[in-house]
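Each of the next two complexes has chain A plus one other chain: chain B in the first, chain C in the second.
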Partner chain A sequence: MTRLSPGTLRILALLLVLVLVGAFFASQIDNYLNARLFNRISSSVAIVALIACGQTLVILTRNIDLSLGAIVGFSAYATGALVTTAPDLHPILLALGSLAIGAGFGLVNGLLVAYAGVPSIIVTLAAMAIFRSALVEFSGAQSITTDDLPQWLVDFPNLPLFTVAGLQFRAAFVAAVVIVVLVHLALTRLRPARALYAVGSNPDAAEMAGIDARRTVLAAFVAAGALAGLAGLFFLARFGNITVVAGLGFELKSIAAAVLGGVSINGGSGSVIGALIGAVLVDLIENSLVRWDVVSEFWREAVLGLLILSAVTADALLMRRLTRLRIRREKAAAPATKEATP
Partner chain B sequence: MTRILGPWETFLLVVLVLIYAANAWISPEFLTLQNQVNLFQLSIEKVTIALVMAFVIINAEIDLSVGSMMGLSACAFATLVGEAGVPAALACLLCLGVGLAGGFLNGWFVARMGLPSLVVTLATLIGFRGVARILLEDRSIGSFPDWFAALGQRGLIGPIPLGLLSFVLLFVLLYVVLERGGFGRKTYVIGVSRDVAEFAGLDTARHKILIFMASGLVAAYAGLLFAARVGAVRGDVGQGFELDIITMVLLGGVSIFGGSGTLTGVGLAILIVLSLRNGMSLMNVTGHIQTGVVGLLLIASVLIPRLGTRLARRSPA
Partner chain C sequence: MMKTLGLAALLATSATMALAQAKTLTPGQEVDMVLLPKFLGILVFDQAHEGAQEAHAELQNPGELLFQGPTPENSVAGQIEIMTTAGTQGVGAVMLSNNAGDQIVPAAQAAAESGTKIVTWDSPIPNGEGESVFIAQVDFEETGRVMADMAHEIMGGEGQFAVLSASPDAANQNAWIASLESVLASDEKYANLELVETVYGNDQSEESYNRALALVDSHPDLKLIMAPTTVGIQAAAKAMQDEGLCEQVKVSGLGLPAEMASYSLNGCAPQFALWDFRDLGYLTYQVAYGLATGQLTGEEGETFVAGRMGEYTIEADPGREGAKRVLMGPFTVYTAENVEAAAN
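Coming up: the complex of A and B.
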């Protein structure tokens, strides 16, 4: 029997929580588990998963990005304006454009964090305000409406690609999952992507191992920005109407998804698959609370805050126990030859 | 004299004088006593919270939940007075109690559980706001007792309202505590290195919890000030205030890594942010852009000292 790695165990535990939460609400709400619930959650996850995936890359390097929501908003507006002025633009070019816009903002964040040495919480807290005011200035407080958009873009989020057991898998959701899986494969297989974990676990050791820690942090912020930019395009396609408050609060939601998904806030551990499941969990709870009669929908945020707090607490307690266990094992093994098994 | 005004404080003073001169040049009304009182009055909640935030950051932690705690306290007050019919004075005490409890919650998770304050207070930023929304949902509650509204809106001593008076008193009190007392010295020591403070026999967990409780208490008080000043409360009271508050503290020369900074600097930075916003309003700059400028100021206030030390290290002394 092969032993499961802690990462796999964590994802299995997360899936169990997901099933339990679903089962709980299914017992509370009539006609709960249906295709509509799946559609609603999958359309929402398509956007949040991309942002949570980017947030995970940043958190892996021991940083945080509070500006992702503002990037989503700016990209949603800018791509909307772009496609309005040039309706014949090829979809691929539009997607590339959204990635480039986001990457540009990520580059600003990354340069300030990695090369100017300003802590990420400060840079991105400020960037959140700066990018948002850039959006206000750029848009002239005008809105984009669905009527301005080409039909293919409006259809994209609802386009059913294939159906499994009566559940429609729509284009935006499938695209988001494919991207998350690709990022996951890169993180587990590719050497440059592994550097994110090395830098997050121990920046000094990573430097000594010949990894350019600064460039790695910069790359994480650029990638997170690019993913948020793409999420902005998905946001535009799903909602159609874009105002200056588009994407507000997504930074917190993405952190919640990542932390619930088992990404360690101290950097160096976690996976984007976990963040994806975390995003599903957050959306499942939000969508279910709206329909649960016992509490009003205004309980959403309080529950979300409580969830984050319990997830990080559980993580800390678990880590403490593991460290204690390891110390005990090492003490027991001390007289014999020490064979470190990390 | 150099003890009170370090190089950074002197720099802030020069910037402040320049902004004041520019504002006075744009509008002669700027320097009148009434405008100066209004300057504070419009942001009295932020500047009051900033004073305690200085302690939190010197102690090498951060409290992102203050804006939400402010909202929670204001909403709890509105619910108690407007819907449950609790006497306003009692409701005030209860809200301050909520602030202490929320601060204790933050402090306990940070100091006893060893979680990063960034994550804990980010979670309570969402959580406290969530409780405020549960209380008020999408309603707005006003019509508080006359004496309560008067405290927020009219002058208590001459033209000076309660909020400004309590800000000045709190500044003096905290200045003495930070610069002269043992509590202040412990705050610096723990901020420089928690391990060293622990080895020196300090109860660092207790100290951190006390500071978070003070932060919660003052944020709750600021929520009450807001309710009194504006006269109506909604679920989004205090949303996004943490940006201005943290900017004031860091611009004041408090290191984000903890262990250094003075309340004099924070006081000057408060005046700079207030007069800068006031000046931009005089020039018809919109609120969103003002927030963007404050964001730039925040980055600059951390970037400039860092570049300064780097240059100083490079050039041979």
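Coming up: the complex of A and C.
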């Protein structure tokens, strides 16, 4: 039997929690488990997953980014304004534009955190308000409406690419998953990306090992901003009507997704695949609570918070038990290997 | 019928107040004014600002007209703060579209005590404390009837529908929904319309969109989503269109022609209604200017001329005991026939 790595174990535990949550709501809500539910969740996860992926990169370096929601909103509005004035703009250029807008904001955050040494929670808290106000100023109270957008963009999120067992896989969702997988591959295979883990788990040791910690932190913020910028484009395509409240609250949702997905808030540990599943979990809980009669409108946020808390706690307990189990098994196996060596 | 009665009552009141003449406002008096929307960056509030600017220029007020609002994520706290600041700075009048429920009351009362007139528009202070008068865009009872009528017509007189509102704290939304419910209960005509659920999208596209879809999932027989909010109605219409549900579930409510035109034309939202936000801003400014310069007393029964919009009377607000209002009205109902002309 090949041994599962702690990371894989964590993913499996998460999937188990996901199934349990789904099973619970299926027992509570009529007509719950169907293709529609998959469409709902996958379509909205397409946006949140990108932001949660970016948030994970930042959290890995022991930082946090509270401005991602504002970046999503700004990018959604700015790309909307851009494509309204230049409707023939090539989709690739538009996507690059959204990445650049987000990266620009991320650069501001990153410079202040990495080089000016201001704690990230303060920098990005201020940035959240500043970016949002910048959007209010930039928009001049005009909203972007679906009518202004080219048809390909409006069609993109709901375009079914392929169907598996009656479940539609739509373009935006597939694109988001592909991006998360690419980021995951980079984080596990590429040396510069591995530096994020090194800086997050032990900054001093990382310095000693010749890693430029500042540049790594800067890169994390720029990448997170870029991903949030792209999420803004996805947001624009899906909702069409963009006002200054676009993307409000996504920063907290992305943190919830990352933490639920097993990304340690202390940095240095976690994966973007986990954050993706975390995003699915948050969305599943949110979507289901809306349809669960037992919880009133006013209590939903509280229940969502409670469920997240219990999911994280359950996950932590499960992980601890599994790790202990493994240590015991390794200890049991150890004498045998010792005897074998001489 | 209702209108004739209202008119008769109005005539009766003006007759009893022997020679109550409509006051004409004297222009040119200096008073600083603050227009305070729920938050910045929503088209309808900007239109109200344009209307206020028009009145500001017309009344040749040498003072300042400031358009100050909180950012969206900080709406309640921001409104309270701006209200407090305006009071301490001795601004003549604050024109408020209240998003803070009764939480704004202490700040509004403090401002009123220091001499600032609080005129609400769009959304009033629920208990009316601290507020001089509310400029009601339409009669809140009439809003319920207009929505009930649109629902009746779109659904062919029977079936299930749901309401998609803004935030659970918005006084105007809650009053409209309450009036819709009472209209539905009081008239036999609507006996077969069943309001199954009210949900809140908090005036965010994303939340409203997801709530609309959740409504469809929860109620397989749903025939209509009624959204008395410009953000909600647009998001709901887009959600139904994206998921190919327009044949099955229609959308109606209060919407901006510019944002709703395509959905009206393709049948997703066959009917919706709204009033003119520029007029609302204009009328609000006229009243606030009159009160702040002492030309209007704000008493019940006081009649005045609001520039190009003509005569209005301050009256008791039927929806809020002890509070006063000026009723603007009326509604325009938009359909595929007239929506394009209004959108431009």
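By our rule, the second predicted complex is superposed on the first by the 302 of 342 C-alpha atoms of A that agree within 3 Å, B and C clash if a C-alpha of one lies under 4 Å from a C-alpha of the other, contacts with A are read in each partner's own complex, and residues count from 1 in each chain.
Basically, a contact is a pair of C-beta atoms (placed from the backbone, for glycine too) under 8 Å apart; a residue touches a chain by one contact, two chains touch by 3 or more.
Note that this is a predicted model, so its numbers are computed, not measured.
Q: Between chain B (first) and chain C (second), which, if any, makes contact with A:240: first, second, both or neither?
A: Only chain C; A:240 stays clear of chain B.
Q: Taking the superposition as given, does A:36 touch the first partner, chain B, the second, chain C, both, or neither?
A: second
Q: In the overlay, answer first, second, both or neither for which of chain B and chain C A:298 touches.
A: In the superposition, A:298 contacts both chain B and chain C.
Q: Which of the two partners, first being chain B and second being chain C, lies in contact with A:256: first, second, both, or neither?
A: The first partner, chain B, only.
Q: Using the touch definition from the top, say if A:330 reaches chain B (first), chain C (second), both or neither.
A: Neither chain B nor chain C is touched by A:330.
Q: Quick one: is A:136 in contact with chain B, with chain C, with both, or with neither? Answer first, second, both or neither.
A: both
Q: Should A:313 be classified as contacting the first partner (chain B), the second (chain C), both, or neither?
A: In the superposed model, A:313 contacts chain B only, not chain C.
Q: Where on chain A do the contacts from chain B and from chain C line up?
A: Common to the two interfaces on chain A: residues 128-129, 132-133, 136, 244, 298.
Q: Can you list the chain A residues touching chain C in their complex?
A: Touching chain C from chain A are residues 29, 31, 36-37, 39-40, 44, 128-129, 132-133, 135-136, 139-143, 145-147, 157-158, 235, 238-249, 286-287, 290-291, 297-298.
Q: Write out the stretch or stretches of chain B touching chain A in their complex.
A: So the residues of chain B touching chain A come out as 62, 109, 113-116, 118-120, 122-131, 133-134, 137-138, 235, 242-243, 246-247, 250, 256-257, 286, 288-289, 291-296, 298-299, 302-303, 306-307.
Q: For the complex, give me every residue of chain C touching chain A.
A: Residues of chain C touching chain A: 39-43, 45-46, 49, 71-74, 168, 199-200, 203-206, 209-211, 213-214, 217-218, 220, 231, 234-235, 238, 242-243, 258-259, 261-262.
Q: So in the complex, which bits of chain A are touching chain B?
A: These residues of chain A touch chain B: 64, 112, 116-119, 121-123, 125-130, 132-134, 136-137, 244, 252, 255-256, 259, 265-266, 296, 298-306, 308-309, 312-313, 316.
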